[in-house]
Structure formats: C-alpha cells, structure tokens
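After the structure tokens below, expect a handful of questions from me.
In this document, chain identifiers A, B, C, D, E and F correspond to the written order of the chains, with residue numbering beginning at 1 in each.
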Amino acid sequence: MEGDGHVKLIIAAIKPFKLEEVREALTGLGVRGMMVTEIKGFGSQSGHTEIYRGAEYAVNFVPKVKLEIVVADAMAEQVVETIAKTAKTDKIGDGKIFTLDVESALRVRTGEANDEAL
Amino acid sequence: MEGDGHVKLIIAAIKPFKLEEVREALTGLGVRGMMVTEIKGFGSQSGHTEIYRGAEYAVNFVPKVKLEIVVADAMAEQVVETIAKTAKTDKIGDGKIFTLDVESALRVRTGEANDEAL
Amino acid sequence: MEGDGHVKLIIAAIKPFKLEEVREALTGLGVRGMMVTEIKGFGSQSGHTEIYRGAEYAVNFVPKVKLEIVVADAMAEQVVETIAKTAKTDKIGDGKIFTLDVESALRVRTGEANDEAL
Amino acid sequence: MKLTKILPLAAAVIALPSLAVAQEAPAVSDEVVWIFNSLLFLIGGFLVFFMAAGFAMLEGGLVRSKNVTMQMTKNVALFSIAAIMYWLIGYNLMYPLGDWAIEGYFSALFPQVAVLEPVGVALADADDPAYASTGSDYIFQLMFCAATASIVSGALAERIKLWPFLIFVAVLTGFIYPLTASWQWGGGWLSENIGFSDFAGSTVVHACGAAAALAGAIVLGPRVGKYKDGKVNPMPGSNLALATLGMFILWLGWFGFNGGSQLAMGSAGDVADVSRIFSNTNMAAASGAVAALILTQVMYGKPDLTMVLNGALAGLVSITAEPLAPTLGLALLIGAIGGVIVVFTVPLLDKMKIDDVVGAIPVHGFAGIWGTFAVVLTGTSTVGAQVIGMVAIIGATFILSLIVWIILKGIIGIRVSEEDEIAGLDMSEMGMEAYPDFSKG
Amino acid sequence: MKLTKILPLAAAVIALPSLAVAQEAPAVSDEVVWIFNSLLFLIGGFLVFFMAAGFAMLEGGLVRSKNVTMQMTKNVALFSIAAIMYWLIGYNLMYPLGDWAIEGYFSALFPQVAVLEPVGVALADADDPAYASTGSDYIFQLMFCAATASIVSGALAERIKLWPFLIFVAVLTGFIYPLTASWQWGGGWLSENIGFSDFAGSTVVHACGAAAALAGAIVLGPRVGKYKDGKVNPMPGSNLALATLGMFILWLGWFGFNGGSQLAMGSAGDVADVSRIFSNTNMAAASGAVAALILTQVMYGKPDLTMVLNGALAGLVSITAEPLAPTLGLALLIGAIGGVIVVFTVPLLDKMKIDDVVGAIPVHGFAGIWGTFAVVLTGTSTVGAQVIGMVAIIGATFILSLIVWIILKGIIGIRVSEEDEIAGLDMSEMGMEAYPDFSKG
Amino acid sequence: MKLTKILPLAAAVIALPSLAVAQEAPAVSDEVVWIFNSLLFLIGGFLVFFMAAGFAMLEGGLVRSKNVTMQMTKNVALFSIAAIMYWLIGYNLMYPLGDWAIEGYFSALFPQVAVLEPVGVALADADDPAYASTGSDYIFQLMFCAATASIVSGALAERIKLWPFLIFVAVLTGFIYPLTASWQWGGGWLSENIGFSDFAGSTVVHACGAAAALAGAIVLGPRVGKYKDGKVNPMPGSNLALATLGMFILWLGWFGFNGGSQLAMGSAGDVADVSRIFSNTNMAAASGAVAALILTQVMYGKPDLTMVLNGALAGLVSITAEPLAPTLGLALLIGAIGGVIVVFTVPLLDKMKIDDVVGAIPVHGFAGIWGTFAVVLTGTSTVGAQVIGMVAIIGATFILSLIVWIILKGIIGIRVSEEDEIAGLDMSEMGMEAYPDFSKG
C-alpha cells in the first residue's frame, strides 16, 4: 500500500532537561514517534572553562539532546513551533530546529508507507 | 574527480538485536558502509510501566539502533526492502525506514565523490 | 523574522581523534555550531579480528564521530573541503562527508530563521 | 603479673587447704586480657572504618551519574571532618568518665581534645588497666561517630550544597551525636537511671543519624521533579553494581561494629560472645535481604535489587541493639522484620513527600526503632526503658538537627539552584564529571 | 587454670629432681589457646565473608551490562540463602561430631538447626574446650558453604531464571555440600578410612561448586548465540575494572580461607603454620597470574586480562588442598600450573559447547582437581586416596546436582525466554537496569 | 615457660626478700608474645595486601576509559611479579641479618631465595624466638615491596608498554627497593651509623617508589597532547567513584602499613602504641583530605575531588615516617601540610612537563619527603640524619631506575606508538576494552 501524503524530517537540538516537556507537548499534537540521541553540542553557548587538578581547560561541547521526528508536511510547521515554544528558556544554548524533505517513509512491521508509516 | 551517480541517505530505526542480521544482509547486497547510533526510540511500542522502590513509572523510550546508510539511487529501494525484510519481527516496535535525497558525497581519504565515495 | 539565505546540512563521519582539529578548523572558517555524535562505523576499515578468552571474533564496527553541521549554501563547499583536508590521514577509515539540502532552520532562543539561525 | 596474685600460689605450695585459692591463679593474665581487648577494638576499628567506603559506594551507586562526584566528595569529607571533630570535642563530650557538668546529661570534659596514653605505656599506668588502650577505644568509637554522618549524606543527596552539609556534619559529629550518645554509652542518665539497652547502637548511632537526616530532608525539600502532580517519579540509581559492593562492604564492617561492641575478648566467655554476635549479625543481614527479596517479588511481581540491599542493611540495623542474646532463630526473625519494614516504609516516605535518596531513614531509622524494641524479646530490657531511650535520643537529635538546618538555610542557604540541580551537582558545583568518558543516555 | 597444672609447679619448688616436669608448665594457658583459636576463626570468617563480594564483583564485571542487576541480585540472595540453610540443617549435617545415622556417610544430627554456646560460656562448659568457640567455628564454616553457591552463579549467568537458581542454591548449601563435606571434614569415611587429604577444600569446596555448576551448565545450555555454526562468539564482560576488583577481593579473602583452615593459632607452631599458609597462598596466586599472563601473550600475541584474573584464582584454588607443607618454590609451581590449566581449559569447555560465563569450572573445577593431586607432591597423601576422594565428592555432587537441575527444569523451567535473554535479564526479569544513565554502545 | 623463669618464683615462695624478683615473672609468656607479634604481621599483611587493589582502583579511576584494561593488567601483574622477585632475591637482599658482603651496604645473602620456618616449628627452634614467625614477617615485608611498584604504575599510565614496565618492576622489587631498604631496615649503614629514622617508610617505601616513577616519567615523556603550545590539557579520569573506592581501600590498608610497623603487639606498651599509630594515621589522612578540600575551594573556586583523594593519601604518606610519637594534634598538622603539598606540587610537575597521571610523585614523593622531615618535630631524629637518609635512598633509587629505564628504552623501547596511544592501550595493546558495552562520549 502507498501513503501518498508527503513527509518531512525535523531535526532539533535542545537542552536535555527539556526533553520530557517537549515529548509531552508533541504527543499532545499527535506526534506518534521520534528518535532521541544524546549529542555533544557546539555553539555560542560553549567555551566556558573548568579547572582539573590545577589546570584550566576550555569546555567546547555541552551536552544536548537531538530529536529526529518525521511528520506529515501538514504538521511540520506546527511541530517546529511547538518544539520552539516548549524548549525555549531564553538563555543561550536553547538550540536549533532544522527541517528537511523526506522522499519516502516505511513502517517495517506493516509495510505502510509515507504519512501512514508514522 | 566527479562521480555523477546520484546518492540517497537511508535512515532506519530498528530493534538493537537485529543489527547484526541487518548488517550481514546489507553486506550481501553490496552495501559497503554505514553509520550506527544507539538511540532512545519513542513510538507506539513505548509507554509500559516499571516499578522502582515501590513507585510506578512510565518507560517512554525504548532502546533502538539507528542506521544511516548512503547508497546509489539505483540501490536505494533494494536496501530499504532488505532492511524491512530482515528487521521484521511482526511485533510492535520493529521500526521505520526513511529515505532522503543527498546532494553530494565525498570520501575523505581519496576525494572520490558521490556514488564512487561509498 | 525570515532569513532568506538558504542553508545546507553537512554530515561527516570522521576518526574520533580528529574531532578537536576539525572543530578548530571550522571555527576558523566561521562555523558557529555543530552537533557531534559518537557512532559505530561500518566500512572498508572494519573487519579485523580480536581474541577474547581464546575465541577469535570479528570486529565489524569501529568507533567514529559523526558531525552534523548546518551552514549557509555559500559556505557549504568550503566547509566540506576544510573537513576533508583536516580529517585526512590517508589511512583507510578517514571517513565520508555528505551534503543534504535543508528546507528551513530556526534558532529556538530568538526565532531567527535560516542562515540567520546559525 | 602482680605480686598479690603470686602469694596465694606460693601459699598453695606450702598449705594444701588453700589449694582452692590457688585455683584462682588466672588463666589469662591482666596484661593478656588488656591486649586482647585492645586488639578487638583495633580490628573492629578498621572494619568499621571501611564502612565509610561502603556508604560512599552505596550512595554513589544510588544517585544519578550527574551527582556522583559530589557524593564521593561528601563522603570523603564527612568522614574526615568527623575524625577531626571527634578528636576536638566529641570524644570527651561522649565519655566524661563520671565527670559531669550536668550529672548524667553533659560532660564536664567539654571542650577538651582527646588525649591518648603515652608511648609505650605500662599496664599499671594505663588509663584503665582493666579495659583496653585508650587509643584503641578512641579509634573504635570515632568510627561510630562518623557513621551517623554517612547516614545523613545519603538521604540528602543530589540537591544539598557541599559546604552547608559539611558544616552540619561538623556539628553532628562534634556535638549532637557525642552528647546524646553520652547519655547511654558515657554512663549518663539513660544507662544509669532508665536502664535503656542498646548494645551496639540501633538507636544511639543509626536512629540518631536517621533523625538528623529526616530533619534535613524536611528542611531541604525533595529533588526537583521527584513528586509531580501527585505522582512519584523514580530517579534510578546510576550504578547498581557499585551499590551492591557498598552493601557488602557495610555488611563486612558490621562484624566489627557489633562484634567490637562486646568491648572485651580476653576470656573464653567474651570471645564466645563475640562469636555469637558475628553469627547473629550475619543471620539478621541474610534474613533481611531474603525478606525484601520475597516481599518485592510478591508485591511488585519483580524483585527489587535496591530493596534487597536496603533489606540486608535493615536486618543489620535491627540486630544491632541486641546482637548477643538472641538465638540464631530469633536473629533471623529480627532481621527479616527489619527487611519487611524497609519495603513498606520506603514508599511511605515518598507518600509523605520526604525525599530520601538512598532509603537511609527507613533503613537506619525505622529498622533501628524496631531493633531497639526487639531487645525486649530477649528480656534484656523493658518496653518502657526502650521507649524512653528512643524518645530521648531520637527526639533530641531531631530537634537539635532541625535547629541547625534551619539556621543554615536562613544564613547561607542549603540548596543548589533548580537549574544547577537539573544540570547535576557534578558540573554545577564541582565542575567535574564522575564518568566523563561515557555518553549519558 | 586447673589444679592439675599447679601441682607440678608446687612440686618443683620443693623437689629439684622434678624440675623437668616443671618445664611442662604451659607457656600458653588453655583459655588463651581457646581465645586465639576462636579469634583465628573470627578473622578468617570476615575475610571469607568478603569473598561473597569478590564473587559478585568478578561476575558483575564479566557479564554484559544488561544482566548486571540480575547478577548482583543472585549473589546477594545466594549468600543470604546459604546463611539460612546452613543454620537450618547444613551445619549439623556436616558436623555430626561422631554421631552418625549411617556410619561415616550421613549425620545423625539431621535435621537439626545449629545451636551456639550460651552467652558468657566458661571454658570448662564450652562445647570443646580444646578447640574454639562454636560460634566462631560456625561463622567460619558457613562462609565456605556459601562459596560453593557463588561458584555456580558465575557459570550459569545471563540466562538462568532467578528463583529456580535460588532453589538450587538452597539444596546445594543446605544438603549437597554439607553432606559431601561431612565425609571429609565431618570425620566421615573419606578422612577416616581413605585418608583423603584436602586442607582447605580444593575438592571439598571448589571442585564441589564446579561440579554443581557443570551439571547446571549442561542442563541449562549455552547462551543464545554463544555457539553459532561451529564458531564461538565471545560476549565480552562489561566492566573489567569491577572484575579485577573482584579478583583482588577474592585473593584477600583467601588468606582467611586457607589460613583459618589451620584451625588453631594458640601455639608458636600453629601461628607459624598460619604464616606459612599465608605466604604459600599468596605465592600460588601470583604465579597463577603470571603464568596466564605469559601464556596468553605467547598463544594469542596479546595478554588477556580476564585470563590473568582467572589465572590468579586458579593458583589460589590449586594451593588450597595443601597450602601448608609446600616450600614457597613448590607453591609457585603448583599455582603456575593452575594458571596454565585455565588458559587451556576455558577454550576447551567452549569446544564442548559448555557455556561457563566466568570460567568457574576451569578455575574451581580443573584447577581444584590439580591442586588435590598436588597434595601428593608433599607426601601428605597418596594418589589413590586423592582419586577416591575426588571421585566421591565430585561424583556425588555432580549426580545430585544433575537430578535437582533436571527436576527444576521439568517442573518450573530454569531458563528465560530467548527474547528475554536477548533483551537482557535486567529489564525482562527485574525491570531495572544496572547502569540506566549510560547509553549502551 | 623456661626454667630460669620458674626459679625466682620458687624462691619467692621460700624467701620473702626475693619477692621483688618474683614480680619479674612475666605477665605475658614468650610464646604468647611471639603469637601476638606474628598475628600483628598477619593482620598487617592482609591489610597491606589489599592496598594493591586500592592502587588498582585509584589508577583505574584516574586513567581514561580507553586505558583501563591495561591499567588493571599492570596492577595485577606488578603485584604478582613483586611477590615472586621478593621471594627469589629481594627478602634476603633486604634482611642480611648481620651477614653483609659489604658491611652495611650489601647483603651477603644474595642471591638466595626466602625460606620459612619448618611446619609446626617450636618456639625454641624459631628463627627468632623474641620476634615473630618468619612467614609472618615475610608476608608483611613483601607487601611493602609491592607497594613501591604500584606507585610507579600510576605515574606512567596511559603510554608505557606492558612488558618493559613489568621488567622494570622485576628489577625494582627484586633489587633496587630491597637494596636501599636494607640500608635502613636491614640494619645497614643508615640505621646503624647515621641514625636515620623512618618508622614505616615515608622515604624507604614511598619516596623510593616516587623516585623510580620520576625517573620513568622523565625517560618516557608526557602523554600525547598533554602539553600543547605551553598549555596543560587535562585528561580527566574516567571513573571517580572507582578512584574514591581506591583511596578508601588504601586508607584501610594503611592501618596495617603503619600499625604493623610497630613490629610487636605482645605487651601493653606495644598494643597501646599500635593504637596510637592507628589514631594518628587516621587523623593525618583526614586532615590531608580536608586541607586539599579547602585549598582547592579557595584557589579554584570549586573543590577538586581528585585533589581531595590525593590529599588524604598525602596525609597518610606524611605520617608514615613517624606515626607513633606525635600527638593527635601534631598528626593533624603533619597530614594537613601533606595535603597542601599535593595541591601545589601537582600543577608544579605539569609546569615542568613531567606527566604523572595520578599524582603519584607529589603524593608519595613530595609528601614523603615532608613526612621524613616531620620526624624531627618529635625529636626522634635530626635534620642532618633525615637529609642523609633521603638523599641516599631517593638518590640511589632515582639513579638506578634511570639507568634501567634508559637501557630498556634503548633495547626494546618503552613507549607505544602515537597512534596506539591515541586509540588507547586497551584496544591497541590488549585488544580488549574495559567497558565495551558503553558508548564513549
């Protein structure tokens, strides 16, 4: 079977402690799945220094969580806005959200395709 | 040098214990490389509860493995099917496969491009 | 607000010990952020064997670092070249660089879009 | 051997009638007795010392990985501070040796630092030729004092600031514990007038530490997100292998904790008693673990390792008030009930929104109270005496601790900011991860 | 001191000729001897107790991270159950004190719980005034019993269900081990009629545990995917630092295991013997480790830490049957051969598709057999006697265990489902990860 | 009891005047004294043995995860090799018992293996009826020898090849340490002619190990990337919980290290002295930790756990040269200064581009030197004597080690390739990860 609805991939880097909140918000929207990865983030926030055994060193990476969410075109914008709204602390390091086009999606278990696969 | 063959990125979330099987199947197909990441998956499968020191809590994420494989257009479909076939257990949580278009690929060591880079 | 400048996603798999060098080179170029993930790489380099308690076994995956960097179209090529140049050791396993098109980018904290989000 | 002891022997040789007397010639000389007693304290001392490592590993395993560096720091620091404070004022405050400022309540040897016997002291010149070397007693008692602070650190983990915590530790180990302990082990009013009985400290040490922890947990409040809209959100420990190691180390140390509390090993009767104590202590730990294992299996459908660890410790705490008199069968019962108590009281505390990260209050407090009551089962004391003893020590410790906590909170604040807590104390307070090489999931 | 011992002294004073007799006046009184002997057991007891932690850490380090919570639970539970079963029936089944139901084969004191001497017992009223306090003997012997169960848990890790395993442990520690051990250490037929010699238990304890493990491994079968199309798929241990700690703790405990088995410390000869035993035990462990280190380097081109750990333990097991008589040089040889044995037999078991997760059968079984033979090198026994002893104890343990395993398999099943095994026992059976904060790679 | 000691007693009975003499009848018989002394060594022996585990955990926790398997292998192997070399030549090289090849400088008992007293030796036939069993002395002294090698392994971690390191260990434990130690503890020129004083080995053991480590660190060079364009790049330890455990185990072992060095426990004076030593040792460790805690807080704004661990160890090393004479107050001072020293000297070494992975040189070297000077504070020795002793032992060890390191470097090379070092020694040299299940971040 062929779902004809086009889908998009939304990649977001957010602060780890916001993960749960964002997940709940998205579930509320009807998002039914995502992939979550612990990453080391590099950005404006990075670059403070710590001391270890008397030696200063720069911390170039800060722990972030990366979300990868595939959603139907129709929902994409709403999802981006929801993530932005929820992940926001107005402090540097809040993160970024990127949207990419996906050619096709497939659910392994059922073979459903595209938007039906989500 | 310029490989003109176009390439695609296939992203798949599968059950961890299927990784080895899938890798072997793909190698059989002639896939020569991939990137494997441990992720926390959220989806229909999630949401069972556990008890810790007398308190119930919902487990929202289940461990999954994410595969990122770049292959020549020609192979893409075959690769998706192979992953689907091999990763399938018919139980909820089997995972998803997404295909994205890649503009260009490069092998660092040799400078080969696109399909030749793989 | 709307940044009109188009952006691209560059995905690179490199050797872990090259991470710091690459980061510095990119910062030099003016890249202001990236996402770094520890991955298990599968490719031509893989496949040597080890012995554990008298039993031989094949090591199919080698530790790699994955970089995901979103940059303005204009910079993309330069960034790819810089990564390639810096990550190169001329030994097998140096890695790959892939470029994908990004539809839109957003900075959570400010709401800036596309190239202005970076 | 003193002359007085040779004369009858001499006599015996000449006059047969007095042979009876001759039989009194001691099988173990005073000096050998003194050596054995001191040795018991030295062995007990290093065993109980190691419990500091046990507490550190148990707590380090039960906190989240982002707070492990801090937990290690607290455990090393609290023991060190206890060692200094107990020397500075604690030891003499706890053992007035009959010299009271307020009879039975407050030592007159306060404030005075601990002083040991001179180098190479002769038995005759020893502080107490009938007991053991002062140094051996000092090192043994010091370890008990430090244990009370270890109990507190576990309960308040993952949110309390380092320095306010350490200030509290200084007060607890230098003043609160030695004071309340003096009422019983210093020959104070509880032992002399009330007849309270607490062999190795179910109440004097463990419930005391738990009371201090409870006061702290109330003033400090629960961890961010622990209790949300009426639900309890578990925050699983980051390293259960480490926690298990900690439990085993504590179990090991307990042989010294209870065995050494016999205070003597220089006669057949004393060493046999130490042997009984070893056996009962081991039995109570075992039955506490098994009780928790079975109970969690039955109640939750799956056994809970963290409860099994707590159960073994609860068994140990329960038998601590009377590890000598019970038969092995009774020891099994006492320990098992201790194990049952933790399984029920850990969630109970959560219901009361009192956040005890490692279950220190159920293990050392509730099981300690049970153990103190259990003394009555062996007829060594009365319910009345035990109640008075517990009310006195737990009450005094709780109130004094509460005051100190409130003062600390008012003056310097005892809690890290919410953001720091979420980021983890290791990075926010210490700038150092415990497991920097490993990606957290 | 008894009158009988004063008379010659008295005599001595009057009659010079009898001075020779006077010299018999003991340098160490009976009571001091009794105290020293009991103390040896108490020290040996807590040292061997700590081996339970050693086994737990060794096994926890050699299993995969998804099975660590379960392995910890098994180790805490098995020790606790052993402590209860040995009290319930084991101790008296193992030590009939001459009171046999079947002469030399089965104690008449079955089923009877262990009973200790009364509080404050006088030497004259002690169960055995010439030996040591019953409590000290009990706690020491109990630890040996628990060790046999620890051996089993390692071999069967990562696939066996918790409760069937624990039921087996109860039978092993309550019945099988005490029974077979009674034949030798209970004054049974092996020691009395055969002259079998096994100082601290290379066979009685270690090979016994290995035999029970072997029976279990056969009935249970290998882990999913361990042996695939003729190839052995290694499943590397998740925490080699923890495994190394476990090995060191076991090494430490072995000083108590072998040293305490001298059973006496109340004379110059006895304490000197304990010293010899400490030295030989340490030497055998060291040479076992070095032998494995060199051998793996030579055979595989890279040294294998897990084999080095096994090698040290094999050295310890090898010297356990006779740690007293050998010179340090012979101890080195005995231990080194033990180390060589594991390096060769670990892969051998794999060839036979017997999946022993931590190498318990090679270490405790094969090295134990070697050590039992090695006794002959010191002339303490004959090959014949040693063979009979091993066949009897290993054979009986293997057969009895096999029966129990088969019954358990038939009635309740002993193995988790394949899916649960792949998911890991921690989540499937316990619902609790050992290292939840860390992403597995 | 010997006849000579009965006569006065007999006399006492008849002649009153000689009653005074009668009082000389010993309270503790020679045999009991000998048993107590031997027991002290046995207990000290297993406590100091456990320090091998302490060093392993401390180092395993302070290296990066990619080098943990190698660090574990080195620690197990170095102890095992030390055990063999000390038996082979070390023990008799260190204790000539007055039989010198070069008076006061080189034992005539070289090369000779260690030989223990025969089984069941009688006191009269003991090697030294006034001391302790040879086996107990041997096992105790052996542990000190192994400690020097453990010190080296930490400093040179993460870059040195396994086998060259182990060859050095063999030379250090078989020859260098026993030789220099014989000058002091073997009754050599330092103790006899100079009057150098080093109770338990601040210099003889710790500074000696540090000197060998320093020589190695210089020849070996720093880790790749440690010092880049004038900056120091920290390489954080991978497991601070493990490092903390290691510190606690070392602290525990130190009770045996210093307490056992009293060499006697058979009189009130001796056991009281051991008690003093326990108390002072504990105090110095505590104050060292607290000093480092406060100092790092003040200097860096955040306390540094790794420095606190080093501080406690520095306190222990500092008190080791004279743990008996100081009051508790002085012990506190000595330990605290030790703690301060590490906080300042760890960065100092880095400035000199000497890469000491775990701070072994500051802890065992600089604090050891301080401790050796501190002896003067108690009037037990003179500055001059202490300086000569340190120059002799540290100088000789440094030069001999330097020669061995240079030879090893020249012949087989001591360092892994840069690529292997970056990949980590575990995979490149051992082909085995310590934590294979966890993804490194």
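We take it that a residue touches a chain if its C-beta (ideal position, glycine included) is under 8 Å from a C-beta of that chain, and two chains touch if they have at least 3 such contacts.
These numbers come from a predicted model, not from an experiment.
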Joint neighbours of chain E and chain D, given as chain labels: B, F
B-E against C-E, pair bridged by the larger set of C-beta contacts: C-E
Distance between the centres, which are taken as Cα means, of chain F and chain B, whole angstrom: 54
Distance between the centres, which are taken as Cα means, of chain D and chain A, whole angstrom: 49
Rounded Å distance, chain A centre to chain B centre (Cα mean): 17
Of all residues in chain D, the ones touching two or more other chains: 9, 13, 32, 39, 43, 236, 239, 245, 302, 304, 306, 431-432, 435, 438-441
Multi-partner residues of chain B (each touching 2 or more other chains): 37-38, 40, 51-52, 100-101
Chain-to-chain touches, reported pairwise for every pair that qualifies: A-B, A-C, A-D, A-F, B-C, B-D, B-E, C-E, C-F, D-E, D-F, E-F
Residues of chain F defined as touching chain E within the complex: 1-3, 6, 9-10, 13-14, 29-32, 34-35, 38-39, 41-43, 45-46, 49-50, 52-53, 56-57, 60-61, 68-69, 72-73, 75-77, 79-81, 83-84, 87, 113-117, 119-123, 126, 129, 133-136, 138-139, 142, 162, 239, 242, 245, 429-441
Chain C to chain A touching residues, read off their complex: 7, 9, 20, 23, 32-37, 68, 70, 100-109, 111, 117-118
Residue ranges of chain B in contact with chain A within the complex: 8, 11-14, 37-44, 60-61, 64, 66, 80, 83-84, 87-101
Sites on chain B touched by chain D in the complex: 38, 40, 51-57
Residues of chain F that touch chain C when the two form their complex: 422-423, 431-432, 439-441
